[in-house]
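There are two complexes below, and they share chain A, which is joined by chain B in the first and by chain C in the second.
Right after this comes the complex of A and B.
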């Protein structure tokens, strides 16, 4: 691969979720060269894994499709998937990034015909569905994956099955010997749009997430409600496969808590209200209880709250549950005290959904350079030389619309850094 | 283009060759259409395949390409050639991946897609962009408060000249009166110094920024790159040309005289949060009644916000601003007791630390609703935690945390609302539309009443000289936001971007970022306008609507229906397209009853010819033909994904992607019916409340037009079922096959079209 022709006016965007995509497009459409680096095999990040957005209950893939169309039409954007940044040297106008490419074992000649998947027998946990189901060891990450190209899982590398998968490809697109590689990228500005990960529910020990299949997280709930999820969009009680009759949605599972995430993750209230809407849309008789500290539905999102408050089968319980314990038949019991009525409750539910918070991806591994961060790991580039920006949830807990706002602003800062007038 | 030499390239890879007889497709190209060149390849997207095409182009053998292979949504980088138009026939996702291999109906479908693509190629030309005269790169910022100042500064930093227009006599807006601001940098704990004076100085001393105070916009006409703006200030009107406009007119506090129920007016010591800001800025805090230092102060949250009788929305910033003010009072006098009475405490994100910091510093938070505020300042709180009424006594000040009202108009400038203005403001969706539910066991909840959509009083900010009225469209709650979650800057007036609290309630820290975002869009639009290129969502599109004036009947449908207000009328009432305002959706083309609007590469005639290019079986073959006009943004990708998942459906449908359902001309329906098609389906996104159309109302327009077609069908003695509109979202690839098959069953039931063979 040739990387010549990239000058120090190039903008490197690290992270190909909605924020990174937005920054890349906004800058490229104003006439700048952009390199977009994504760690996973396809773009879209967390947003691609959402079933729908609040408050419109529309599908994230709709906006992603428009963005992918924009990328396809724009020759100024170069996308690398399975790419991480190993090192950064230099300063504004003259950065050198060392980019590591993990082996996909599938070359760009892949046509996505699917013959490799047909030849595969081994199954692996499906990362797109948070491991809730399995997929073949040669797989398309999801139906709207962009770039639309398969991946061969490392599990079959060096096995006879791997050879069979390779032999099945008519287009010689499978490279079982592919090794990790790296290249150097020159850039004038770097935008960190590395996003977030769901807080590890297992760490909230009183909630016993690992002990009951009927206790799930909010991000898993998105996949359970999605038509390409493990249950084909039907929300079912994981232990029995039956429709749930009573569901508890637990707010601030890890957020607003010094033992876990001290900040408010902003999106969980609305996300849980959206989950209540999913449930009500599917089941006439389902009852949903929302346990909350404060309902944070800012600006016009208040309307969504009002609409749901109007639903007699959605109840609001001001309380942070003390514990969630598997009951006698494995039924999860939500236990605690209602702050308003002072009642002690111990209520069984068919399903419990933990609204886990957003933790910056920097918590899993620090960025490859010394970027200024706050104590939570959000990247706050004020005070740097102007060549570094952060966008979206890398910069703080934001919803999608605010992430796009942040990413659009970061694009402007980046073009200022590579071509604006000199700063004092 | 010189003589059209269309090369047809057919790929047999990915199962296409197994599903259909490639030689028969070549025969269609060579024999039926006399294509000057046709070639087959087993992997056209591979290096060798692409090289073949490149060589043919270089030799001059061909100068336009029809590629019969995979979907136009994939392999776009391979099948992209300089100076050659590429037309794609989707033989993979729409044919070999969704229909039975080796079947004659599958073969017929593939042949028809080749016919349609070659026909399309013959009716399209590479778009010639509209570029005319001078383009301004200058950005006008309206509003000189903190958001506008930031916007001006950001645009100048990006190298653009700026014209900053401020209505009052000085810059700084509300922020000028703040002693301290809400923190937005770590450690997020304490009120921060207000650096507005430094920002004002930076703007005033910036050689790229021209500041006009005591000035407002009296008229705006033109389009991105060429806005003509008339300004009024003391010296009389002046005219300026700018390339794009950023509106940062901010907010005003909710009228406290309407808050008598919360004690406003009972005592001079009941003040609003805005009034308290002035007290805090003046130095040591003093009670308005007697000038003494306040010792016990209660803040009442949501004063006018989240209240159906006042502002229905949450003003977002009042919680943090009351915390800031309480901390300022405590800092001025550690003996001062402060109480914040709230319903829901909203300090999202890292602002949680600010809340925690206030708790640590002794600010007392009470959850409940205020029942009354007495003349002696006793605030009776219905305390939600204790479950009873608690009187807060001994207070010496009460602060009402009033909400933000957006300045989407100039309230103090009288203005007679034109019919357009009222219609424009009332065209918004219902924010309280019901959430879908599967059904109820008991009584269904009553629908929430829709709030009145009264246009806010006062003159329009820009007074747009547009056919569709003077205002920037706003939402039902009065803010100038967009409806899109993924595209918050997509206003319905191209080249005009709003930011700060006029768009959404927000604090100064967020507004500063929002200003940069809006400026990014402004920078982008001025640079693209000069190249004749469209901005989002059809970014880079060089085509634009051309109007054939010789046949135009001045019916005004295009000027009324354009979702972006891009078409005006001249003095003779003919439509005038402002090309850089246009977003290329084609809604005007769909609206035009005399088919006189077309794009270089998208026209009524082009699609009509494609419809006619399909071989419709005669009445004796008993094989129906159904035309699907699919929105290329949602329905078409869903069809592709049905193919990717190998969902099968009837092979008797023929799909033509359209830019938007709004661009669908009724001519296409009649052409299809006359050609003997048995049914026509419009497939696109959800219209109405919570619409998903990227062109705002394309699917709604299509629905309206289709509503009128039933009578026409009856007059032709045709069943109304022959024309249908289906709502398909992009995430419904699993439903699209069954929907098509259901429709085919309907056609089966009503029988083949009686118009076949005529």
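Right after this comes the complex of A and C.
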């Protein structure tokens, strides 16, 4: 339908994390057609990979499940998974997106029974658990995947194992011949909700992340604490499989640092406090040391901080560690200066968790069009002609509730853009 | 002695931080210091410094001029640059410490004469400006004897074995000091540099 010279009123949302889902739902529930494009086989983004989320420590599956129900009920939303945008042409009201679909090799008739996985022998690194464990080459992305549909990994395509996997499916849902395909999509506005990736801890050379299994990142800690993670939710020292007695949480690992990410990711202080809470919940005797430059628990999150402050087994050390080195017998030593006492410390820990920051997804691959970005690669919330916007962490480092606010704002802006309404 | 900072030889000088930001090599970046402790924690001899760079920078901000310029931190830096490469704010800590040491010398603080590294730096400079080269033997001698004849002989005797080994491997020689070709020109360059420096200082 043409409307005031706009050839399309569809809103394209790129990225199906909590932000993209929110934008899509808000716009669709206001009566607009939405196409949601997600690169991975399931919606949910990084939130699905959290064990629980602050401030209330509820399970992310709960919030996501409600949203999935809303998507299922809404005929205006069309979801594509394993979809990326290869090219964008046109301008506000008249964009043409070239969407590329990677083969999933599993059709919609899949019932997620798991017979294919049972037939598979090859294993692949599990991206959902940040490669901490392995998956069968026919797999469900995770327990709460949406859509609830298996994926066959490219490694077994064209092999006898692939044929066995196909034969195991009672519903004939496996299509080994599926090829990459693409289609054109008309849209009046595009919302980039492409989110973030954890900063590569290996680049912080003095912290020797790659040299000790007991030095992990905060995103890995989320998986170690999750019931569907590699340790079934028991936080164990990776090198020994024993419960850790002393754990160091390192704030600003590669953040607020001109050599790495110059900005503050805003959520890591709370994320680490949450990790302290996970540990204290699991082990009565564990000691947790939080190394920080300064604690940033903004507005309502201050209460979480205050509560944890009262725990005598959580120590707060005002210091950015200068180095973390694998000591004798591989025990990581955290070294630096305590800036309140001027003590030079060299403290051994069973486990060290690096609170790495959120780097915009654009760092791994530029968007398919020239979207306006800031110096760090975050996409500015509003493009020049009013037809492009960003939502959630694609626009800046935000927690979930701030992401949802930003996504709702983006939905409204997108509606204004496709309905041709002037904005002040 | 030339007065370099606006109010020389003061215990407290509330303009000291600003002066450092504007006049010390890398001082402008020091304004970005967030007191994280990476520098002092990275220092291989951090436990042999009275304050360490982080605390010293805070003292500069607090205007504690005398305490800063009499501290051993400015003399004990070994220029390993660990702190410089790790500093999240890219503060060139080493440059700042060296410039502060030079300032302490200019302003005539006793510590700037007695500190071990100050004595060594002086001996080094004596050789460098005289011949354009450092003569290991004469620099060492000058440094050893800077604390008195008796002390110098004692130190010399204690290190005799090392000295002989260095001579044997041609790391040290016993003939005339090696020189650069144009020592006259070198001295003219140094004199000019000194003049420019003085002019800069007086122009403030």
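A few notes on this one:
Definition applied: the second predicted complex is superposed on the first by the 410 of 424 C-alpha atoms of A that agree within 3 Å, B and C clash if a C-alpha of one lies under 4 Å from a C-alpha of the other, contacts with A are read in each partner's own complex, and residues count from 1 in each chain.
By definition in this document, a residue touches a chain if its C-beta (ideal position, glycine included) is under 8 Å from a C-beta of that chain, and two chains touch if they have at least 3 such contacts.
It should be emphasised that the depicted structure is a prediction, and the values quoted were computed from it without experimental measurement.
Room for both chain B and chain C is found when the two structures are superposed via chain A, with no clash between them. Touch criterion met: A:73 reaches chain B, while chain C stays clear of it. Comparing chain C and chain B on the residues of chain A they touch gives the larger count to B. Legend: residue contacts after superposition of the two complexes on their common chain; A:406 is shown touching chain B, with no touch to chain C. In the superposition on chain A, contact of A:245 is made with neither chain B nor chain C. In the superposition on chain A, A:339 makes contact with both chain B and chain C. In the superposition on chain A, contact is made by A:259 with chain C only, not with chain B.
By the touch criterion defined above, A:203 lies against neither chain B nor chain C after alignment on the C-alpha atoms of chain A. After superposing the two complexes on chain A, the closest approach between C-alpha atoms of chain B and chain C comes to 5 Å. Counting contacts as defined above, chain A residues 256, 318, 339, 342 meet chain B in one complex and chain C in the other. If you check the complex, the residues on chain B that touch chain A are 13-15, 43, 45-47, 70, 73-77, 80, 154, 156-159, 185-188, 306, 312-316, 344-353, 356, 384-385, 387, 431-432, 434-443, 445-446, 448, 475, 477, 479, 481, 483-489, 504-505, 510, 513-517, 519-521, 523-524, 527-528, 535-537, 539-540, 633-634, 637, 641, 644-645, 685-686, 690, 692, 694, 729-734.
Put simply, chain A touches chain B in their complex at residues 18, 25-26, 29-31, 51-53, 56-67, 69-70, 72-75, 109, 111-113, 140, 143-144, 148, 170-171, 226-228, 232-233, 256, 262-266, 277, 280-285, 294-304, 306-308, 310-313, 318, 339-342, 374-376, 378, 380, 382, 396-398, 400-402, 404-406, 408-409, 411-413, 415-416, 419-421, 423. Taken together, the chain A residues at the contact with chain C in this complex read 206, 252, 256-260, 293, 318-323, 335-339, 342, 344. Put simply, chain C touches chain A in their complex at residues 34-42, 46-47, 51-52, 54-55, 82, 85-86, 88-90.
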